[in-house]
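Two complexes, one shared chain (chain A), two partners (chain B, chain C).
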Partner chain A sequence: MPTPTTRTRAPRRGSPPAPARRLLRRLLIGVLVLLLVSLLLFLVTQALPGDVARIVLGKDATADQVADLRQRLGLDQPLVAQYWNWLSGMLTGQMGTSLENGEPVADVVGPRIFNSFALGFGSMVLIIPIAVVVGVATAHRRDSALDKAFVAVSSLFTALPAFVVGMLLIALFATSVLDVLPGVSTIPPGDLPWWYPAELVLPITTLTLMGVMYLGRLVRASFIDAMNSEYVQMAVLKGLSGRRVLFRHALPNALAAGLPAAGLVAAVTITGVVVVEYVYSYPGLGTAVVSAVNSHDLPVMQAGILVLATAYYAFNLLADVLAVVGRNR
Partner chain B sequence: MTPRPPHPTAGRRRTGTHRTRTHRVRTPRALPATAVAAVLVAAALAGCSPPQRSTGGDGGTLRIAAATDVGESLNPYASNQSPTQQMRSALLYEGLTRLSPEGRLDWGLATEMTPNADLTEWTIRLRPGVRFSDGSDFTSADVVASIGHLRDPAHAAQGLAFIERIDPAAVRAVDRETVRVGLSKPFGPFKEIWANVLLPMTKAGSVPDAPVGTGPFAVTAFTPGRETRLTRNDGYWGDKPKVAAVHITEYQNQQAQANALLSDQVDIASGATPTIAKSLADEDGIELLDSKGDYTLRIGLNTTVAPFGDVRVRQALRLLVDREQVVSNAFGGYARVANDHEAGTPQCAAPDIPQRAPDVERARRLLAEAGQSGLSFSIATDGLLPGMQEMAQVFAENAAKAGVRVDLDVVTVPEFLAKWGQWPAFIDFNPTPYLPTVIGSLLPGRVGNATHWDNPDFVALADQLFLATGQEQCAITNRMHRIENEQGAMITPAFVNVLMPHRDRVRGLVPDVGGRPLSFLTGVTVGG
Partner chain C sequence: MTGVPVAVDPVVADPVGGGPREAARGGLPVLGRAVRTGQARFGLALLAAVGLLVVVGPFVAPHAPDAIVGRPLAGPGGEFPLGTDILGRDVLSRLLHGGVHLTWMAVLAAALGVLLGCVVGLTAAYRGGVVDAVLMRAMDVLLSFPEIVFVLLFVSVLGRGTLLTSVLVGVAFTPGVSRVVRGAALPVIGSEHVLWARANGLPAGRVLLREVLPGVISPLMVEAGMRLVWAVSAIASLSYLGFGIAPPGADWGLMVGENQDGLAIAPLPVLAPVALILMVALGGNLVAESVARSVGRTEGRV
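Up next is the complex of A and B:
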């Protein structure tokens, strides 16, 4: 019988290549992390003050009605049983019903995920190319007025919370200075977000500004590194044209270093989406979670936060994968 | 036919230099391709035509911004109703009687109510020719079914407390337009009770899942916590609404309502803090509807928790409040000074009680007599309404002058409700007229009475009030106000105005003494 050592030294042919193994390991760890997140989430939401059944039924319900609802919701069972019921439900797609209005959690959360995705995707589509262009342009003209202005402005934006940027944009473009864009981004239920492009402009701009200021700086730094590297110096010494050095030699390597950061920016954008949705009253997952927290709607709260945590983890994983791909290249 | 892609292993045979070059060439090409694809997808998506959205100035649709309530339903009898749900209910459903914006009691779906000699049985004549919004006739069977639903404790109806004296077994239809209601105890102000928004009439069998009402509007679309679309009920028996539709959009905070109004996405912001209202009123194209009513925000003191069971402590705390400061600082001047009792009815003369003014020395003496000179306590609030926290902060400053330390404990709405009746001191609000206030929150044993105040003289007067009809009620309520003022458990520093900023193209809005101006939309128009 082969020992584990022999197994790891087995010929590469037939076994998954090293990056694939690493990815598999990361995925398994990820599942464990998400399980831990689900446990933490469950415990934290259970620890919130107030009796859920009383909150649902209100002041006017009798003690018997409250006890009856507690039993129907399974709140009288031990915590372990409650956690297992909840987790197995989540894994099998039976996410339960909203305590607030009795609708299936999937019906509450599903369209919201879609709306948030539209916002996040729209922003990422803009963030990546703009950050690359801005990062390369400022790095190429390092220490110029443009470069200094970008570094100053991006430092300011990195320090500002998303809701402040959101409110400034509302004041600038919707309410106080110019009146050219909607100040709130309500999308009627059942409608698709891109049917209302005007409503999307300010939330996407907020997220894009925040993302570009962060990613642009990273691209700028990695581009400066690439331009200072030996192979670029060599290309210059060989007499290659500036354009050729820039686009064929420095840029691809700078991008390879910047790509993992794009994955991280996507993950950070998820948290930004929650704040931006609240500022603009955009009907996404973030506002659903805020409402659920305010009204103690545990099933919606738990499902929403778990979706956000999973997406956050997925983008972190993507960042790791891109880092590996970048290194290999 | 597309060319076959190279085999994945093909590159491995190449030299390192070649491999690097291959990637360098491919990456810049992939970027523009992705960008072009993204632009094409975006263009395709943008090309999908959205449904026509109502815009300001189309003359037919009134757009209202309201506070989010994810737990709302169309059931007008549900427990735990928010102001948003009640605002919508007032447009969809009607009671047997109703209050005018001036606070006058008018007939609604009933035209006559006649008691027997000992006030234990009332005969209700219904308005003929009334139809529900689905076109069916409104009859006595619907009244019997509505009262039956409300009176069943299993439904935990929020309005149940107001009709507890109705004997559910003694409610019967005499004919199509007459209902006889038997009571378990005599009750005089029967007519007043039915004007409550929590006690409307609905079509028999339609609640709780698909309630149908007789109101000036009917529902066309409803998503809890998001949006309600109403259309004019063309078969309405009264003055028909001038607008064809009402769209209610819900927002999570009042600033969002203000932003929606400023960027012309709604015509009315139904909730505004005094600060927001003031700033909006200065904008071009926006006006402020200021309903000076009897709406109270008050500090409740739990009489079952020491030292608030001692009336000297309660009176001392009331003497510490600088009411003018509360009006100016907490409510931006949009309020008027109150005198530690609820408002009466507009038709009755105000009670002859001297206005309480700040008197720190007397307060100190009372606290010393009660052995509470170094009193310290927290006031719990969920901060649900504008001015709640500010009022408590002004009170804390006032109280400090007499060495009383007051902290503010801001909790979530669920936590506040979960400990309802247990908080030693709390902030509450009351939007209802005096009679339902007495029944719902000033008598002992009521869910709404979170101070657990139990005053035998007040209870005796309430019993007299329940046997009184007409003008004799005024004399009794004024005596009740005096007891509230001298011994009550609520610090009531101000009657608060309800502020509603709106676009100036909206005409016909009327201020409501009950603080619910959106209940009266039939005369409203939205100009171009």
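Up next is the complex of A and C:
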């Protein structure tokens, strides 16, 4: 096994770089991109032309108040020092205090991250198996009524805003039509989300519906591709039973191709979480960011957005990496 | 024409269609083929119906959109065909006024996203090397923010405004579009007639506009169609969250947000705008999908 140094010194033309090296390269670029993300976030919120302290406090604030806030946010320091303090604070959990209620940002954002994670994870656990079953079933009976209905409904869902789906579910299950579920998912601070299973049903259903429509469609496409591949056609020609071809040949291929899509769906779910939380007043990161934006609570907003963006990027990166791994199989 | 002896456009050279060049053919023929399908016609009819409502609505609305004319959450009937909202305003009048902002904001956002995406994608593909790497990494950075979060980030500091929101959605769309354009432009830029044009010292802008852009027009049309649909979704969502038009004004997304608390008592103030947004999404999606299909994109890839 050649050492990494000899490899970098002699880039071989023609042959692709080793998968491990490509993965490492991609991860390093990923870290670099995340650093740039944090820099952009910092520059926008803290160094935009105009006095941030003045924007936060409004027009009526006295000069003393503005000066005080400038000092609390560290705006009087050089920009590089500000960024360094802010980033190291973010990484070590010393994120400053909320301007809204003076609580440490970590205490405000921490439980919210947990709640959002519970919502997203709960949805993904449902999305992946359901999408695989739906995708394979519709691809297997291609052009049947079921398949056509799924294709039509799923393409509508990719165009629908999440709040429209949420609102229809509330109207169906939480009002006079079928008053069986709570339409508001407030969970008292300090309590764990799964102590309130009824409150979780509608938000998770909304995210699951949207995720299944998206991922199911991708699984269907990759399963159709797999069934058309030479490898599977060969198995059919050899006279293997339909069931055997389906489970031993087509399915593993389709799953390998569909796996990166699961990463994408996780990323899409993170976007959905923001709106869906707001629809059901669920105390997660999304609602925290929305209310922080409304109240100009800069430190909470910075931390919330950084976490959302990092998670979103990480899942996109995961999808990329899975795609590379899948291609090398 | 400027006397540039462009080799026969390979796109026109294959008028019969089929084969790999099918996808490269773009412009009006594709659009014409797309709208002839029943699916697209139904979509266009839906869009036309909503469009008519948006355009004519403000002139035929019985009340001012922000006038309090009755008791809150009154049921439909009599003076108020769709009832009143949570503040006692006429739901029908607000509905008739409420599509204007969504329409221009979504169109502006999608147009800006496609335009910026074209500029970035074509530049990256044409220049290659360091320019390509820097531009595409910058796009990666933008792509790391979920669209809505990206808009919130700027709105928090710059204040809210309809123009700002649509520009931000457009910027948030740029990386996605630029990736598609770059991917489609690379083979065109490597083709003989573009190499020939470059070797003869034609200015980059002209090569890109005259030689490269026509070659990527098909994927670009697909992208533009989908972006318009997504822009409606994003703008409506932002309006619902309260980051679109300011409260006394009427907007479908905002109406849903305002009246959500009254949903159990009066469903219409929420469900009427929801139905209209649904019609736009369905209609737009049907049209965009048939454009995509006539261009020859495989199914299932959104």
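The criterion applied here is as follows: the second predicted complex is superposed on the first by the 282 of 329 C-alpha atoms of A that agree within 3 Å, B and C clash if a C-alpha of one lies under 4 Å from a C-alpha of the other, contacts with A are read in each partner's own complex, and residues count from 1 in each chain.
By definition in this document, contacts are C-beta pairs under 8 Å (C-beta built on N, C-alpha and C of every residue); 3 or more make two chains touch, one makes a residue touch a chain.
All of these numbers come straight from a predicted model, not from anything done at the bench.
Undergrad: Considering only the touch criterion stated at the top, classify A:F315 as touching first (chain B), second (chain C), both, or neither.
TA: A:F315 contacts neither chain B nor chain C.
Undergrad: Could you tell me if A:A162 is touching chain B, chain C, both of them or neither one (first, second, both, neither)?
TA: A:A162: touches chain C, not chain B.
Undergrad: Tell me the contact category for A:Y282 with respect to chain B and chain C: first, second, both or neither.
TA: In the superposed model, A:Y282 contacts neither chain B nor chain C.
Undergrad: Please indicate which partner A:F42 is in contact with in the superposed arrangement: first for chain B, second for chain C, both, or neither.
TA: Neither partner.
Undergrad: Just chain B (first), just chain C (second), both, or neither: which does A:W86 touch?
TA: So A:W86 meets neither chain B nor chain C here.
Undergrad: With the two complexes superposed on chain A, say which partner A:Y196 touches: chain B (first), chain C (second), both, or neither.
TA: After superposing on A, A:Y196 lies in contact with chain B but is clear of chain C.
Undergrad: Answer with first, second, both or neither: which of chain B and chain C does A:G183 touch in the superposed model?
TA: both
Undergrad: May I ask you to decide whether A:F150 touches chain B, chain C, both, or neither, giving the answer as first, second, both or neither?
TA: The answer is neither, since A:F150 touches no partner chain.
Undergrad: Between chain B (first) and chain C (second), which, if any, makes contact with A:T175: first, second, both or neither?
TA: both
Undergrad: After overlaying the two complexes on chain A, where does the chain B footprint on chain A coincide with the chain C footprint?
TA: Shared contact residues on chain A: 48, 55, 170, 174-176, 183, 278-279, 290, 292, 294, 296.
Undergrad: Would you mind writing out the residues of chain B in touch with chain A in their complex?
TA: Where chain B meets chain A, its residues are 23-25, 27-28, 31, 35, 38, 42, 45-46, 48-51, 53, 68, 70-73, 79-80, 153-154, 156-158, 160-161, 221, 223-227, 249, 251-253, 256, 258-260, 262-265, 411-415, 417-420, 447-448.
Undergrad: Which part of chain A faces chain B closely enough to touch in the complex?
TA: Per the touch definition, chain A meets chain B at residues 48-51, 54-62, 65, 98, 100-101, 103, 125, 129, 132, 170, 174-176, 179, 181-184, 186, 188-192, 194-197, 247-249, 251-252, 255, 278-281, 283, 287, 290-292, 294-297, 329.
Undergrad: Note which residues of chain A are touching chain C in the complex, please.
TA: 29, 32-34, 36-37, 40-41, 44-45, 48, 52, 55, 151, 155-156, 158-164, 167-168, 170-171, 174-176, 183, 214, 217-218, 220-222, 224, 267, 270-271, 274-275, 278-279, 289-290, 292-294, 296, 298, 301, 305, 308-310, 312-313, 316
Undergrad: Inside the complex, what are the residues of chain C that reach chain A?
TA: 137-138, 140-141, 143-149, 152-159, 229-230, 232-234, 236-237, 240-243, 253, 256, 260, 263-264, 267, 270-271, 274, 277-278, 281-282, 284-285, 289, 298-302
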